[in-house]
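I have a structure I would like to understand better, so I am pasting it below and will then ask my questions one at a time.
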Amino acid sequence: MFELGVVYRNITRADRAATDALAALGSATVHEAMGRVGLMKPYMRPIYSGAQTSGTAVTVLLHPGDNWMMHVVAEQIQLGDIVVAAITADCTDGYFGDLLATSFQARGARGLIIDAGVRDVKTLKEMNFPVWSKAISSKGTIKATLGSVNIPVVCAGMSVQPGDAVVADDDGIVVVPKAMVQKTLEAAQAREANEGEKRNKLASGILGLDMYNMRPALEKAGLKYID
Amino acid sequence: MFELGVVYRNITRADRAATDALAALGSATVHEAMGRVGLMKPYMRPIYSGAQTSGTAVTVLLHPGDNWMMHVVAEQIQLGDIVVAAITADCTDGYFGDLLATSFQARGARGLIIDAGVRDVKTLKEMNFPVWSKAISSKGTIKATLGSVNIPVVCAGMSVQPGDAVVADDDGIVVVPKAMVQKTLEAAQAREANEGEKRNKLASGILGLDMYNMRPALEKAGLKYID
Amino acid sequence: MFELGVVYRNITRADRAATDALAALGSATVHEAMGRVGLMKPYMRPIYSGAQTSGTAVTVLLHPGDNWMMHVVAEQIQLGDIVVAAITADCTDGYFGDLLATSFQARGARGLIIDAGVRDVKTLKEMNFPVWSKAISSKGTIKATLGSVNIPVVCAGMSVQPGDAVVADDDGIVVVPKAMVQKTLEAAQAREANEGEKRNKLASGILGLDMYNMRPALEKAGLKYID
Amino acid sequence: MFELGVVYRNITRADRAATDALAALGSATVHEAMGRVGLMKPYMRPIYSGAQTSGTAVTVLLHPGDNWMMHVVAEQIQLGDIVVAAITADCTDGYFGDLLATSFQARGARGLIIDAGVRDVKTLKEMNFPVWSKAISSKGTIKATLGSVNIPVVCAGMSVQPGDAVVADDDGIVVVPKAMVQKTLEAAQAREANEGEKRNKLASGILGLDMYNMRPALEKAGLKYID
Amino acid sequence: MFELGVVYRNITRADRAATDALAALGSATVHEAMGRVGLMKPYMRPIYSGAQTSGTAVTVLLHPGDNWMMHVVAEQIQLGDIVVAAITADCTDGYFGDLLATSFQARGARGLIIDAGVRDVKTLKEMNFPVWSKAISSKGTIKATLGSVNIPVVCAGMSVQPGDAVVADDDGIVVVPKAMVQKTLEAAQAREANEGEKRNKLASGILGLDMYNMRPALEKAGLKYID
Amino acid sequence: MFELGVVYRNITRADRAATDALAALGSATVHEAMGRVGLMKPYMRPIYSGAQTSGTAVTVLLHPGDNWMMHVVAEQIQLGDIVVAAITADCTDGYFGDLLATSFQARGARGLIIDAGVRDVKTLKEMNFPVWSKAISSKGTIKATLGSVNIPVVCAGMSVQPGDAVVADDDGIVVVPKAMVQKTLEAAQAREANEGEKRNKLASGILGLDMYNMRPALEKAGLKYID
């Protein structure tokens, strides 16, 4: 959060195949596979429901009410990236709209995660360009002060390094550090593997109490049933 | 809110037919019929729009970040119940997802009201399992501490007794005490009865000022018209 | 905000044609055309997505939990108006539902902007009657205390004079003072005029950095690229 | 929360001596002694710091912006009571000021807990009349609608029965059900008993890790020290 | 809120003697005398308790994170003024500290009302320069964009015209339009006149129920006492 | 935020003398000297006013409602440290009270920064042990789940590395990365150096407009004065 006025052009991105494979697993499963860490705060919401994606983070640090660096970060986008935008102070202004989205999409971005506001949300939905944000606001921004691109940032309470993998869907956004992507993918796939079987059992009326063998632990903890 | 580690297995549920009939009337009409009390706080929102249901409350008290008792309450669900989940402190974690929903649905639950977060919301919508919650969050929970099932709880600012009727839709959630369900149903149906006629009058351009004969009272209160 | 118990019947409305033409431009473009002022706070949200409208403001000042004046304002609505409702203190109660919407619609209103709550949102959507509000709540209101109609009000942080033009869509709500409607329309149309060309350029991969010729200013401000 | 327009004159109050003895123990110790339940939400704050009290609850349910029942509850106050005021919907208005405080104090009240706003806070401090509230606001209220006195209420997320013991200080407010006051007092005093000894040990530099013998459990849980 | 880049040098200030006399009455009494309107939102809090003042408003409109116009408004301050600062979007940055306070105080300002943040609060208290703000924050601001001085603004939900009287104390902030200052002062003094007598009665144990003769109205409204 | 169950015993602390010298400069000046970055969010507030300190960060990551690691971090405290506590999800529980404060103080800690709640605040003030927190709450915590000590954390929106310098006072909390402490100290002292002279000028009535020679830039930006 400390270096202003710099753009790092060469960043190491998380493994592409592993990063891409995370999308299908979703943020909740990946978050569990990480050991229940890595989530951004739940005030971050998709501007439309149903989008589910993953990508490599290109980060940008902006000032309140100033979206100048959004144009700078556009140039650093590569196919498969997700832009992660942090602000130096709380702000709900609309930093991003359909024109920038057109540019980001043309450069290969899969979406935007921004700890502030966006606008033109009807058009963004039509463009199928997903955004997770803190607010929706018509409030425009100026272009006056330098921030930075591809430095470590804190976005919605979570630290993000450039090149980290990001998974986002209707449930939220989880950040997977580059070095942990392969291991996290495997752990997430393992979790997912027997979900179908569990679901079938539960659908048939078998209780989690029995399927997970929870009764002894509950009894030991002192749970009492009263008729 | 005070008894921890107990599960009441035999609760008296509100009259089934009367409880079920409340769904069609909706939370706003039922709330009015109650004398404008019984509503949970409006920060509770449906995870998808359009669901409208009623049922008998099975209550569960949980600790922050701990969903162990969700599995315990599942066993107490009967056909036509709605689970009402309260937490001992503010928490937005995702206590509930598609697996628990599969189990709840298999047991006959019509929905979940939870003063915390849920996840897998896309799947829950596909399952047609409605949830009203304070938050949506991928954040997972642990299974470590006992709460209680079917004790009186406070959920989103409203006290709920096990077996009370609950009505939930896009407008909010209203709790009808067991003993008042029949009377409330009748009052709500009476309110509803002449809504069609009122709507036709208003649609034809007749003003509420005249239809409700408000002009004398407004004049008495001192309202002045200035041209 | 200071005159209670009065209804101004004759207000000067913003130019009809210019006001109507603002709808297609949307709140973000109109807000920019105004010089980035005039927006209500972003906590105001549409009760359903996709509506985009403009109209002339008929204002009403209400008390917390009291919607009496909603019936008074209905009589002052003319074709093409949007009702702007302010409250004398923070309140999330449901001041407005399907019956009042039927009346407003019959009188020619295009929508409601209210710094409080509304209910019957499922029906309002079916009626295609758009509302922007702070909350959705079943909580009913009483009819006991006089407010005013067509006085200047502050709604969601923005001052509104009776007859001002209002533009509302998924991005937010902007207020255009009567005297500025024509000029604002022209400025907004000018902004819009070359949007298509810009979009095409950005879609082809040309960067905003180049299209807007930002590189010299960024360099002068001291931006450094690091490989 | 459901019975409007009634005043219960004869309530059973928690044991006086036990209730009074809770004040010295404070809300945190009493809350622990209760098994970590019974606390109101932490948005409730004292209007001045340093007050620490306990008393028997006299409850009142009010409507938003209407303090009529404050005068009704005054008559029901007995020496050693604390008034607990709940509102049927969120409201920050100033329901209570120096005149009502004079009356409450003359009747023997030890303080007020209100899930809304109060005013004249400078004078209340001079009077040494403690209040815990959600807000401070000059906003006045009207006297138009009936609520109730001495019915069960939900105040700041906690259910309160008339006559329950209430403990309030700078840390918050805890409610002790009548039937549990003696037992809670004993448990709280037991907790308090060896606090002095613990404090001396910790002050001498002994670690909680050793004093509570936590190291084996931490090691078993897998804690690793890295040099 | 619409005119940017202008400074009005000649404003009409509310009557000095009447404005000054409002301070002793306090915000709650003045608000009641106004007919319960004119209050800013209760999120505005004094940075230290105990200050009570009144003065004539000099207004300034600023942009988020930009305090340039604070220096411009300083020149327009006259003895007895209070600066009222509004921001074009939500912001908690620290716009004002001890140096600006030194300048404002030297120019004759009695305080600052700002819908944003301030800093150096320890020094401001030592200087006896009262501030009411939305936040306290070390976050600095830039000096890049023009706002305006002495235009009508909306501050904390209330419209303020340059020259209006402002009353601020621990309970909040009330705005009295220039034209209503004398009348409001008289109404406030009339309210205050018999407060001493009322206080004595209440202190002696007489109930508001009797002093205000509320019992018949309560009975008529249907209040029931249950033994 | 990603490594659970580890305690780093050997961390590099920022230069002691430079870190200690930051306290006198205060958070606002240090934040400016950093280039206006490094601040935690302004919702963090001191539990009592007037404390001003600096120290080296010992970090701890905790789970919601679980303060087990507070005892683990106590052992890692050295003279001159400030404990910085982050939580894996939003929580207002009271993680810290007078016993832990006694232990921390005995180990040499100068204060606690915690993105959650604390209790026993009256005693903490008497002990002169400053705490900056998000909430005050009697709510107790359990000791069940491992977190970590001296890993990088995000606290109140700011990333903190173990050993970084922290400056805290009534205005907020700023984090200075180890490597920047000396340079930041010099920049802060340079800012401070001519504050006295500036203050004297402003106190004599000289305007910032003239002292900072702002008039030409304001004129160039288009500011208009209207008489």
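Going in written order, the chains are labelled A, B, C, D, E and F, and every chain counts its residues from 1.
Following the convention adopted for this analysis, a residue touches a chain if its C-beta (ideal position, glycine included) is under 8 Å from a C-beta of that chain, and two chains touch if they have at least 3 such contacts.
What you are looking at is a predicted structure, and each value in this text was computed from that prediction instead of being measured.
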(request) Check every other chain and keep only those touching both chain D and chain E; list them. (result) C, F
(message) Taking touch as defined above, what minimum step count separates chain C and chain F?
(response) 2
(request) Return the chains common to the contact lists of chain A and chain D. (result) B, C, E, F
(message) Nearest whole angstrom, what separates the Cα centre of chain E from the Cα centre of chain F?
(response) 31
(message) Counting only Cα atoms for the centres, state how far chain B is from chain D in Å.
(response) 28
(request) Quick one: which residues in chain D touch 2 or more of the other chains? (result) 36, 39, 89-90, 92, 139, 145
(request) By the touch definition up top, name every chain pair that qualifies. (result) A-B, A-C, A-E, A-F, B-C, B-D, B-F, C-D, C-E, D-E, D-F, E-F
(request) Write out the stretch or stretches of chain A touching chain E in their complex. (result) 63-65, 89-93, 139, 142, 144-145
(request) Would you mind writing out the residues of chain D in touch with chain E in their complex? (result) 5-10, 48, 68, 70-72, 74-75, 92, 94, 97-100, 102-103, 105-107, 117, 119-122, 135-140, 143, 145-146
(request) Sort out for me which residues of chain E touch chain D in the complex. (result) 26-28, 31-32, 36, 39, 42, 45, 49-50, 52, 169-172, 174, 195, 198-199, 202-205, 207-209, 212, 214, 218, 221-227
(message) Residue numbers of chain C touching chain E in their complex, please.
(response) 1-2, 4, 34-39, 41, 88-90, 152, 154, 157-159, 177, 180
